[in-house]
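Let me give you the structure first, and then I'll get to my questions.
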Amino acid sequence: MSAATQLVPIQYEPVLRAALLEDLGTAGDLTTDAVVGSDAMAEGALVARTAGRAAGIDIATATFALLDPDVTVDVEVADGDDVDPGEVLATVRGRARSILTGERVALNVLGHLSGVATTTAQLVAAASGHRARIVPTRKTLPGLRALQRYAVRVGGGVDHRFGLDDGVLIKDNHIAVAGGVTAAVERARARIGHMVKVEVEVDTLAQLDEAVGQPIDAVLLDNMPTATLAEAVQRTPGHIVTEASGGITPETAPAVAATGVDLISVGWLTHSARALDVGLDFATTGG
Amino acid sequence: MSAATQLVPIQYEPVLRAALLEDLGTAGDLTTDAVVGSDAMAEGALVARTAGRAAGIDIATATFALLDPDVTVDVEVADGDDVDPGEVLATVRGRARSILTGERVALNVLGHLSGVATTTAQLVAAASGHRARIVPTRKTLPGLRALQRYAVRVGGGVDHRFGLDDGVLIKDNHIAVAGGVTAAVERARARIGHMVKVEVEVDTLAQLDEAVGQPIDAVLLDNMPTATLAEAVQRTPGHIVTEASGGITPETAPAVAATGVDLISVGWLTHSARALDVGLDFATTGG
Amino acid sequence: MSAATQLVPIQYEPVLRAALLEDLGTAGDLTTDAVVGSDAMAEGALVARTAGRAAGIDIATATFALLDPDVTVDVEVADGDDVDPGEVLATVRGRARSILTGERVALNVLGHLSGVATTTAQLVAAASGHRARIVPTRKTLPGLRALQRYAVRVGGGVDHRFGLDDGVLIKDNHIAVAGGVTAAVERARARIGHMVKVEVEVDTLAQLDEAVGQPIDAVLLDNMPTATLAEAVQRTPGHIVTEASGGITPETAPAVAATGVDLISVGWLTHSARALDVGLDFATTGG
Amino acid sequence: MSAATQLVPIQYEPVLRAALLEDLGTAGDLTTDAVVGSDAMAEGALVARTAGRAAGIDIATATFALLDPDVTVDVEVADGDDVDPGEVLATVRGRARSILTGERVALNVLGHLSGVATTTAQLVAAASGHRARIVPTRKTLPGLRALQRYAVRVGGGVDHRFGLDDGVLIKDNHIAVAGGVTAAVERARARIGHMVKVEVEVDTLAQLDEAVGQPIDAVLLDNMPTATLAEAVQRTPGHIVTEASGGITPETAPAVAATGVDLISVGWLTHSARALDVGLDFATTGG
Amino acid sequence: MSAATQLVPIQYEPVLRAALLEDLGTAGDLTTDAVVGSDAMAEGALVARTAGRAAGIDIATATFALLDPDVTVDVEVADGDDVDPGEVLATVRGRARSILTGERVALNVLGHLSGVATTTAQLVAAASGHRARIVPTRKTLPGLRALQRYAVRVGGGVDHRFGLDDGVLIKDNHIAVAGGVTAAVERARARIGHMVKVEVEVDTLAQLDEAVGQPIDAVLLDNMPTATLAEAVQRTPGHIVTEASGGITPETAPAVAATGVDLISVGWLTHSARALDVGLDFATTGG
Amino acid sequence: MSAATQLVPIQYEPVLRAALLEDLGTAGDLTTDAVVGSDAMAEGALVARTAGRAAGIDIATATFALLDPDVTVDVEVADGDDVDPGEVLATVRGRARSILTGERVALNVLGHLSGVATTTAQLVAAASGHRARIVPTRKTLPGLRALQRYAVRVGGGVDHRFGLDDGVLIKDNHIAVAGGVTAAVERARARIGHMVKVEVEVDTLAQLDEAVGQPIDAVLLDNMPTATLAEAVQRTPGHIVTEASGGITPETAPAVAATGVDLISVGWLTHSARALDVGLDFATTGG
């Protein structure tokens, strides 16, 4: 079954272009240019080798269009679908050279984003039955934040602030410089606009008690044992969002979620994601 | 003990700059700008939280210099050193704002590169006692190939071709289009210069026998069972380098290495690397 | 009296560099290169010709450093100071060529940012005595949003969302597509993270009544007569921020502010700002 | 009535692309992506809210094409036409998301350029009946010179030199360094090619008398009272173009033009332009 | 006779775009925009004025497509064909403005690349009857290496290493720092991967004897008299490629080739290439 | 004798940076990084191997500073000096790695620019004794126009218009579209500002007679036999600059200059320049 190709947001194109130029160098694909005739035609199926959550299909296949506007793409599953081993995600057709030259970059993008989505989906499943949602962090790889965050959403996660400029998160070091939570929150409130929310990181229940007395929107409960975390959630007024963080895994997520915390943030979703295994099945079609 | 800061290659700067701009957006670090005074001074120690192989210290700390040329860096361990939990890799000193604003990008770079190096070192150790060296692939993350490859070398690995333009690697799809190994090698040889080597991917011993009769420099033995791989290594003439690939892990690497293969190539070193946990210990110093 | 030069945020540099290259073309400053010797030294004082609020002094003088790292700058007043006609904002010293070649770009930046800040300060003054704060919009000039928003803050304004990605603002067209305010807010809430606030634009009191029944953070009261606006502010629950917009000027701002509205947003602060008149008083110093 | 879309010069694209990326951040349009379905179709009419001179219609609507190549544009009036309140300048049709996401950038470009053109046209009208033509200066906003200059031409103005590299304009500071007008003109003449013209700025009639004795093409009569200006125009030989500058407004322009001066240059056309009010009338069309 | 247009590799586009922007400045083509109506249509034939080897036809004509996607191109001869004076290489059709504005950049690209190819072909012919192949060096013009190397291949040459990163070439200065050929080769071998070849530069037979005892792939025989060169070729074992360099011209190439050397490298092919004279024959076609 | 290093104009830096990245690829200088220790120090003398006019010394040596800010440069001769074989142009000192890695790019820049300057100087000498000055054209290499034009000026040439945007040059094709010289000049005059000059290309005396009756500043006498050219110069009124073009060489330049023409324009100065032979003499200095 075939789904329409979606627009690839303009923000994603520079990463794809950079990845192609990185792989091509300036001399280009020595092997394909030598071995494959310029008029040979082919089709390639992007196939999942293992099970997981597909993410980045339109983005990855846009790689071929950057190389060669004549390549056509049929997308077979939509981002967010769970796929089985052997399932075809999309089929590309056109010059054999363009398909072979773009293959690695497309697979690198697709495998990585699907890997992030798959891991996110596993955590979402582990926390199911509770209110807790899975959120990413700023622990992303250089230049890949927008793409990685997209993959987290495809996996069922929910966004955290995107960068330093779209939310206030007061951490221990900020508190140390400011001379306390109260002073730090006051300074932040005096500077920011009405569309910005304020979150404060706390490590102990004592810090929590001070923080929740301030005009804040969320509290980051960092590295707390589960029992302490549960107590912290209890103590936090209902209008303040609670976020748990600190090395949470699919194994520990159920217990964390059972504390009633609103959010579970996970750095390794993006800094240590395992790629989904995706390959290209290739067939010549004449030319 | 302090080591001199090395020059950061000019090729790496664009990635660091892009990572900073990605995190800063255009409005910058709302929290730090609001909470921390512009004249507050501080120092921050980049500290390993877990054991591993350090990589990217000079690169990561160059992040601070891009933000603020007045930040100074003392590097405590060199890239390639093994570090213990709690060990300080480098200390940065300067405006508190610059240290806090650059912290996340610097740690993202350092944690990722050290993670790649650490994993590589584990594979190198697993293969020790044999001739096999660990090599990376083109399965890198978009825009990060140069940095990831550097980290593999720091971990004790050895380079493969960097991109499509600095080596010929004839894969199954190329062979299919060309109509056989012999034709493919001939076409490649006719096109390339004297500084380019030719490697051919084979899946079976029959393909190997055909390939080694051609003027090639290396053979990629893909996804072979260990016994077949051992036989393949035996059959390959001594002037042709043998490379094994296909999901090799620290657990399976000893048996693969024991076949006498020259190279073990590992895609997940770069596409699925787990970051080393690195943090910043921060202290104000006046101002 | 002299103040220390502040760091110019890394995000602002591309605009300055582009402005210089735009003015220099590729052949450079024909006049200065022909008429002024390469070893002539000079100093230039950046002087306000009319009264206003200074903004962008460090940013504007950074222009000279991009051309010539040997130029030194003494900043005499800080961003946010009110200046009188004839008051010196900063003094630059170095090669006469560098000062003359960079003069126009530096003045263009300084005059524009000070103009935005001055206008903002006038509106802030007009609304004084009330709770209303002045906020900018996304009606900025192409490529200049970060700089213009900085100038608004220097003028005493407070930020609105920076761009499409750091806040939800549901406008009439969104409501039309979604089929109503309730549906639109529900869709937004389902998609966004916990750090994102939601504002809804309403044109009538009936729309307001529907909107404030939804889980929103702010309401944009667009183009309402003052009496209606006052009524709207009364009807809006205290936890929802009220924002008035629609051609508000220093003349009408007092009445608008007197309604008790929280925010007055003004597009022409940035899309139609009048520059502050700033000039360069130049003197040769030998060489 | 419909006019064909013109080619947008390749030089203008980078500004549009930068403006889009500035507004989208990396996370994109949170509101539209959440509230509007990817298959909803719509049309939007770009409508003048006040009367003025249209400029930048093709440029502004090219914004939508950068986001989404499937958007189609019907241009209703040509750049340079005078438009009435309510008049439709162009209609765009396509995905509702693309129209809503690109709306603000397109309107910012269109409103600004039409504002510059409108103001220019007012000055041109004020000077009508005399030989004087209206010319812009280098007092443009960073990165926007090409677009602003285009708008001045659409408004009926005539170009001045574009930048430092395409004309010699010897100002008071150059004269001071060179040690006099004669020396400055000599040095310039010795350096420049045959396609470059030379203009000299003078503040007094005495300076004028010295300047016009030199081989120059134009003289800039800066900040002279009208009577002095008239005398200066009289004294200037016919082969030398006369340019008046210094805070000239629609009110003072008739008297300045009546002196017989050739050119009236006006900095605030570009540094302090008031935008034309342009909006988007939006309607869904299915999908 | 007409040949299909080939894909222009994505790596070449930035050079074409930069060349266009360099020529257009920001104000564009003053002459054409003033003199030629926007709806005038024309065709232009790219014609060889002198005999030579055509190279870069698709690349050069892609210039027009960057300016105006409606321009169509008919390619009449393929890259690598020898052309006679007056022979048409390609015909472009479309807006007269687009053809006239793009003409100079297209001709500059086409004339330069064809010039490099023509010179290469002359050297190839001079060496014919021997095994020697003509190879380029890294003595290319800034930013043009990929294009120049392409032209060398079109002229019948064969690639050398493309840059510093895709081959080891140990020169006299490296040997001096390392303390000898043996040490230098050892250090290189320890660092590089299995896909990288090693070449050593030698000036004397004594150096050659030391070098060929090392595990190297090629030897660069620099500036040797022909008799010495012949002796060097004799002494070099068959598995090591021999390369002669040093001011070799079409006049001296036969004697050099007669020594039996494998490669003749020539720097002036790229650093001092004489352009092929190519012009545009233009005809209006209505509009 | 040592001369102070001059500022390298900001416009030239992108070309140098691109040239370095082109040579380094992303893996960098394999040879130097392997063979030369990171603490080895050295000095390198940039030496002319043949006689010529030096150009680009500061620009070329700025290459090293981009790689390594610790490299110091002593410039021994100034741009525009004539140098003898063996003469040292500049000496660079610093890390041996930085000098060896930057060597090729620096020499490519220096050799090319000095070659252009040397050739220009030869033409200037050939035309000496007459009023004719040597001017370049727009027949430059992609991306290198600013640098090549600079070198022409160093060689004693004088600038022509830099690009399409800083002068009007009406050629035969423009005349054909416009329907005659008179119409073309009128259209141009109506569009351009007072700082732009107008030149018209003519091939015959009849065309000349028509052209000089128009308000033009210069006339391009294309490909005329010397006698016709002399007649054309006689017929041209004194206020119109005369420019001869068409394959003029040092051999034919004296006769062309003897016609009394004002300018001789030469395309091959830039499109077919022969590089000056420049090398680097290298010595280690410890470390």
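By letter and in written order, the chains are A, B, C, D, E and F; residue numbering begins at 1 in each of them.
In this text, a contact is a pair of C-beta atoms (placed from the backbone, for glycine too) under 8 Å apart; a residue touches a chain by one contact, two chains touch by 3 or more.
Worth saying up front: this structure is predicted, and the values here are computed from it rather than measured.
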What are the mutual neighbours of chain A and chain D in this structure? B, C, E, F
In terms of mean CA position, the chain most removed from chain D is B
Note, CA centroid farthest from chain F's centroid sits on chain A
The distance between the C-alpha centres of chain D and chain E, rounded to whole Å, is 43
For chain C and chain E, let me know how many angstrom lie between their CA-based centres, rounded off. 51
Using the average of all C-alpha atoms in each chain as its centre, how far is it in Å between chain E and chain F? 21
Touching two or more other chains, which residues of chain E qualify? 22, 24-28, 145-146, 159, 162-163, 165-167, 192, 196
Pairwise touch network: line, ring, star, complete, or other: complete
Can you tell me which positions in chain C touch chain E when the two form their complex? 22, 25-26
For chain E, which residues are in contact with chain F within the complex? 15-16, 18-19, 22-37, 40, 42, 96, 100-101, 104-105, 107-109, 111-112, 115, 138-147, 162-171, 173-174, 176-178, 184, 187-188, 190-192, 196, 268, 271-275, 280, 282, 284
Okay, in this complex, where on chain A does chain E touch? 17, 20-21, 24-28, 38, 66-68, 95, 97-98
Chain D partner contacts - residues on chain A that touch it in the complex: 6-7, 9-11, 145-146, 149, 159, 162-163, 166
Quick one: which bits of chain E touch chain B in the complex? Just the residue numbers, please. 135, 158-162, 165-167, 192-197, 199, 217-218, 241, 243, 262-263
